[in-house]
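So the structure is just underneath, and the comments pick up after that.
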């Protein structure tokens, strides 16, 4: 089994992006699966082109994109990506789309196909916090997650894909407002490793399709 | 023009729901439009049945559902509703769905058709905070927003619909953790009135379709 | 009985200070006591000179200073002021003391002599949030509270004095980070009125001197 | 040179206290100084008796007490301790004092005698967040800091003393509200080591006695 993991380069004035720094620390093999790690640019659409080329080259079974969510306190697993770009700040090529669809012929949203509850549980079972998030925002993190799931829908049938947000790492918060959470890069990497482990070994996600709304 | 506005009844141990308390304070006419106000139950699916009956009776041009988002500090306009129910607590009839689709034949998500940026701007122009939110959660607030937009898609073509989240009102936070924000019911009502005013008078929302992602 | 209440003028880039705006809305008589309201400058030490002159002129029984604590969500009653100035930003005359004692011959700290638990309870009993704070910071709010209690100790024996922090008012948070709490000026004023009412009518504060540390 | 460092035992329902867990990881020698580490009970006054016995036995030059401040995101250095106990929850022997003085003949407050700005700077210079706090609360953390400085004032002249608050460690926040910050115990320990290093090597603290209030 092959797992492709991406991390963004630094953006928005920071000189480091904990996403790729942590991705780099993941071993080349996790739970018997081969791990391929690539850095992608914090640029709308362009990051998806880099990802697409890598998916064509490596033919992964699982694709996990990782990005920074400054202000969050733990690794969080995104449930859904939406067909919308709204950028408060420019990306690394100066694009700042407002109210723009990502793909004209795409669904309004795509749910992740990763077993995110099993992944969250495996992180927690190893003593680290983790949670499910229901918004990946409207910047390049949502963009790459949306386009990944769009590409899976259109041309990479059967691939499981999704997105993980990670906190600031400690040096980033020294000069930020008191109270801004951070997580050491090794702790982020450990969280990602436990997440990958569950992604590789889980056939059917936990807790789904229980209860009813009526 | 007719505007139908709904507010939920109290839930989760609270004896008041600022949503309907504020809705009640909206005048029967705003910007020349007739305002119809109804309370709906904090119950998955059932609230949508009450809403559907009211939409059939009144044939509104605009439908705005209002709910409480405890912990938020200002009125927030939801951009998107997703086809998913995940309840941390039971609703008012004991339903607690986990990982359940709301409508089998519905889209993964629907975007609001309300001019929410114009609505937000009109609230701010009157000196009150407001913002756009990209997650309505996965409880009954998302449920009613999703089903409203689903019903508009299937049987009420042309109706504009969406959802507004409001903060706790002051009595609710006296015994909650220090730092939990609140907003007086009259201030929430004022925010809603400015929002309705913009919804009624705005043909095309502001700031959309500008920029590009590539 | 006479109550002297002060509020600071705007500082730090804001064009309004909710402290004095709310103080102005307090009636000239509360619970039978005469209320004297003055605005004081957001300047280290100078504000205390203005206060001292007013105390000499009016001979109040109670002095309550009010200031803004941006980011707090409710009216908070300060328990203690410390003999220290540390300014992250300059005051309105450009002073920015770091690690400076306020009064060479003053105590390390003074506790408020106001019945703050009764004051807090009266605000809460009227449906508004309120809490006790154990730090007034190290800027001009702590400065005026410290110097007030120092002056009471040295030359205004028997006067009761203390400090109340109030949240931002709504216009101040429109362009601040999402989630920053605010409170309408009238709601702040109502909180202050209930606080003054309890200050005037309470002989002995509640809940004190109970329990033991051993 | 001898440095005595204390950490509290678990309290309030938690099975671990990151304070002593981190203290245990500090080496027995830092910057040439001998480090003595003891666990003290989370009990008002009693913890000070344990500390006093240890101070008599070891005759340290520096005493640093360490405690947990759940919800804080970084190691924080306390500037001041106040002569007041107010316990929201019982300590580990069931004491829950409200409005009680810690020492009848003590000052209203004591400032730390540690070079906390140099200590904070050394932590930050090693890439970890840290800040100065102006309230140690009113529970056992403030109690031990106050009594330490009281004992230094009365019987251990010349000893430098103070208090450091540390965040939750990761397992403690798994079931706490999303957003609650944590820090791995090794990262907390690293922060403490850098702090101790600066405490041992700093003659005069930085940035003090600059500026003026008038």
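When the chains are written out, they are named A, B, C and D in that same order, and each has its own residue count from 1.
Everything below uses one rule, namely that contacts are C-beta pairs under 8 Å (C-beta built on N, C-alpha and C of every residue); 3 or more make two chains touch, one makes a residue touch a chain.
All values reported here derive from a predicted model rather than from experimental measurement.
Each chain's centre was taken as the mean of its CA atoms, and the one lying most distant from subunit D is B. Look at the contact of subunit A with subunit B and you find the same residues on each copy: over half of the numbers used there are shared.
Separating the CA-averaged centres of subunit B and subunit C is a span of 38 Å. Remark: subunit A and subunit B have CA centroids separated by 29 Å (rounded to whole angstrom).
Here the spacing of subunit B and subunit D, counted between their Cα centres, is 47 Å. Counting partner chains per residue, subunit A has no residue touching two or more of them. For subunit C in complex with subunit D, the residues that touch the partner chain are 44-46, 79-80, 82, 84-87, 95-100, 102, 107-111, 117, 132, 134-135, 137-138, 143, 207-214. Residue ranges of subunit D in contact with subunit A, taken from their complex: 72-74, 124, 127-131, 170-171, 173-174, 178-182, 184, 187.
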